[in-house]
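Down below are the structures I want you to see.
First chain A sits with chain B, and in the next complex the same chain sits with chain C.
And then the complex of A and B:
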């Protein structure tokens, strides 16, 4: 390893501690997953990951996660915009509340949402007469995933809206742009990289989410069984090979999203640097 | 036409006309209202519902549910797991942040990606990998069984899974903080003859203390609240390997809803405490920059 000469101490010590943790807690477990995957016969692996029940689980997991990420894209933008631009009483309290899905254990979120949206719940009771069943349906899964993903979009957008200020909007206005034109041509393009980053982060979290979803999902194979639950079910049946196969598919999707997030963040940084330079 | 020009000039005195740089008042009110209604329904009502359900049979039933032997054992285990894993994650976080923010070396970007990886992995997969390592059919399973060591379906497995999911929290908080502080003060301390330890205690730590505390609080909240990863490795043995979130699940699945929410309310208190600490610390961190 090469490093720049520095008077600061602790390179070997911090490298040692960091490598030990990463090695034992991240690399070794992932190596175990890779070893297990390598021991699977390709035909058996393919049969597991392309089983109709597995396909239904991916479809549900991706569909509900995408729907939740889209909802968060809309409501997260709205919340972030209002929190930065609009003064209102109790704003600091509301701002702190946005992090609730990060802080509240997922099992608590799960049982609470299930109770609220159940047929007798505070919210479900009013939706039932409208023919909207939420608990134990795909809709319920989407609600739980939206809950869990909201802070990602809001917290990614907030600093960018703050930094943007109102100068560009005022300039656009003074040059004769209408409000809609200003929003479409000036505000949205500025927010786009951060907005996409937040939505992708929410999507990535939703794909792997377990605790908040299992209670409200109903967990019917082929219908309301998400992919993480299918891994769990296989583990409970001591089908480690099957669990590993499904886990690899989901891990692959997560890594692709991670890559997308990295690219989006680089774009975001480049854009703000470019603006600072000009 | 001239009236419009005159009105424009007199703008500071008259209510602002609809402009392109600002939304009109009705639009602003509508946006604020919509955001508040959404947050109220989506975040505030669930938080309220936890306590309403927990107290639905009165205070005595709440006390009874949280002081049951199994609830007490779960609380004790949750505290124990957090007490074991949070200090380790803190040591890792400080070391990793120092390494990433202060040195340039080959493999730095890869290391950064590996530090972030646990955030991207599903909690269920986080549990699965440790079962594959230490479970009965796992890589080290037979060797461990020979020596009578139990990792999976026992406390060590719970601590390992918790360490995995909380690993990035402290490092993620400290890396940007150290980077924005720069290395001038530390280099000055070294040039003036401070030892490495003196520099760390007198210069580095005071500069990052609020960010460090913030990361520790977030890691603690996740450690105490983790469900998916712990669920895989715990085996749900009552009184032995049940943490608070797992105890909530068991009570709920037994249709003991009020008791489940009473135990859940303990975790909700933890969440509220975390949010308050976060709001307070964020101002301190913002102020020190």
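And then the complex of A and C:
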């Protein structure tokens, strides 16, 4: 707080390197994307991005990604909590397993999940008689997206839970708070900013995911066709402009979504800081 | 001597060798997925022949992937001396979109620039329990058909057009009847994988579906690898002639100075030795002599070509697979 000097030398130098890096790696490709899409006339652009098939694909992509991020929000929090707070045999192994979705090639994940949840798979076989189809439905897509998103939530929450320690909870308990009250008034508000970050990362990853989903989706137009697949089908017709148009819509929608979550996060940080000060 | 200076010396030595290395030619063959094993053998055989003829040693590098993806990689700058892709439409993109080859590329080599062919067959479960014999059977209620999505898979476009062309050629056949059959067939498709290998997986590993629409070479390979006790091949009496096309990429070979070797490489595919290798990897050879020798492997059937039935790929693509084409309308009507 009191340290005047920054750890990194030369503020302007590090800022310059930062902006050059971001510019080259992120902004330049995005600009190229926009330029390519601009080769479409506005009417053609609109027709491409508002086609019923495209609308169905956005709905599916955003719907399944939000559902997967929400699932990860709930269960990722639980997993992170258990991994930090509860000693149990094989904990290190479970902890290592959480990272697996990061490391596994997405196609492998997709094929494995389809094998498990397909009508003849180990799990699918028992769900089918119950009338529950997973593979080749929206449900299957959500399962795949949940799989690839889990580590984001767990890994962002773990260090925060560790750092939080048990003092605040003990203090709350000693002041007469019940378990629910402690959880609701003390634990969750502290975790909220990190939790939002994790959920956001999981959501953004899910929106762009292609490799694992195409195997389990079934890829039926209007039904289980995700937006990234629609981009691929456009490319297959050498319709570069159409593909970038869809990509641009996805990008823009994702940006709005991320901004909204970012605002929420800033608010939650301010709130928890405010509460701490008061 | 430090490791560093050894490294420098090695580098200098390598640089000195570079002019000598130029006496050898390196070609890049950009191909599609199921030809990997075929071209491994072709490359070795061609290198032997080329060294005997010219004394020059040639290394052929291969790249494999989805046919459309590969064509786009070449358009975007992958330095392919030759392309050997699944359909003429993708090779033609090198002209249409990339401007890398001239318009008349398909007439530069015999047989529409397709040195070997294949056809679309039905892979069914042992004993053919659903009694699938012909294209009409695929549209019957209760038959599950597995095929990749023709929008993403070049190979699957042959499946779709085979069914359409068959219906056109039936007594009283018309566009309306063809559309009806293809619509009924796609109503019977439970999963549209994005590529041919994905569909094979769905049918073989997950046991989904009664019939897999596949290239004959893929079907023969699947039966050999997975056991003739599980699957059998049904060759429909009338089907499409799949012509995977090849071309020298003019812009690249002229810049690299590899035209002679690249052209010889494609000519080699038409030679008896090249044709025999194609047949060994389950592609139907064009050469009558080689074909006669492996007649048992390739039973006779009647075929029609894309040009005969649809007036070429450009027209077929526009009518059926571009946005708003018949394929999209099948699914739009399904809502």
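Here is the rule we use: the second predicted complex is superposed on the first by the 222 of 278 C-alpha atoms of A that agree within 3 Å, B and C clash if a C-alpha of one lies under 4 Å from a C-alpha of the other, contacts with A are read in each partner's own complex, and residues count from 1 in each chain.
Here, a contact is a pair of C-beta atoms (placed from the backbone, for glycine too) under 8 Å apart; a residue touches a chain by one contact, two chains touch by 3 or more.
Only a predicted model underlies this, so the values are computations on that prediction, with no experimental measurement involved.
K.L.:
After superposition on the shared chain, which partner residues are touched by A:218: those of chain B (first), chain C (second), both, or neither?
P.N.:
A:218 contacts chain C only, not chain B.
K.L.:
Counting residues of chain A in contact, which comes out ahead: chain B or chain C?
P.N.:
Of the two chains, more chain A residues are contacted by B.
K.L.:
Regarding the shared-chain residue A:51, is it in contact with chain B (first), chain C (second), both, or neither?
P.N.:
In the superposition, A:51 contacts chain C only.
K.L.:
Quick check on the superposed pair: does A:177 touch chain B, chain C, both, or neither? Answer first, second, both or neither.
P.N.:
In the superposition, A:177 contacts chain B only.
K.L.:
Mind working out whether A:28 is in touch with chain B, chain C, both or neither, as first, second, both or neither?
P.N.:
First partner only, chain B.
K.L.:
I'd like to know which partner A:192 touches here: chain B for first, chain C for second, both or neither.
P.N.:
A:192: touches no partner chain.
K.L.:
Which partner does A:123 contact after superposing on A: first (chain B), second (chain C), both, neither?
P.N.:
first
K.L.:
Answer with first, second, both or neither: which of chain B and chain C does A:111 touch in the superposed model?
P.N.:
A:111 sits against chain B and chain C alike.
K.L.:
Output check: A:235 vs chain B and chain C. Expected answer is one of first, second, both, neither. What do you get?
P.N.:
both
K.L.:
Mind sorting out which residues of chain A both chain B and chain C touch, each in its own complex?
P.N.:
Common to the two interfaces on chain A: residues 111, 115, 215, 229, 232, 235, 238.
K.L.:
Name, in rising order, each residue of chain B that touches chain A in their complex.
P.N.:
Residue list for chain B touching chain A: 18-24, 28, 31-32, 34-36, 38-39, 41-47, 49-50, 53, 88, 91-92, 95-96, 98-99, 102-107, 111, 113-118, 120-125, 127-133, 135, 137-139, 160, 163-164, 167, 183, 186-187, 190-191, 196, 199-200, 218, 221, 224-228, 231-232, 244-246, 248-249, 252, 257, 260-261, 264, 267-268, 270-272, 274-276, 278-279.
K.L.:
Can you tell me which positions in chain A touch chain B when the two form their complex?
P.N.:
Checking each residue of chain A against chain B gives 1-4, 6-11, 13-15, 17-18, 21-22, 25-30, 32-33, 35-36, 75, 78-79, 81-83, 85-86, 88, 92, 94-109, 111-113, 115-116, 122-123, 146-147, 150, 166, 169-170, 172-174, 176-179, 181-182, 204, 207-211, 215, 228-229, 231-232, 235, 238, 240, 243-244, 247, 250-251, 254-255, 257-258, 262.
K.L.:
Mind listing the chain C positions that touch chain A in their complex?
P.N.:
Its residues touching chain A are 68-69, 72, 93, 96-97, 149, 151-152, 154, 190-194, 198, 201, 205-208, 317, 321-323, 328, 331-332, 334-335.
K.L.:
Would you mind writing out the residues of chain A in touch with chain C in their complex?
P.N.:
48, 51-53, 111, 114-115, 118-121, 136, 214-215, 218-222, 229, 232-239, 242
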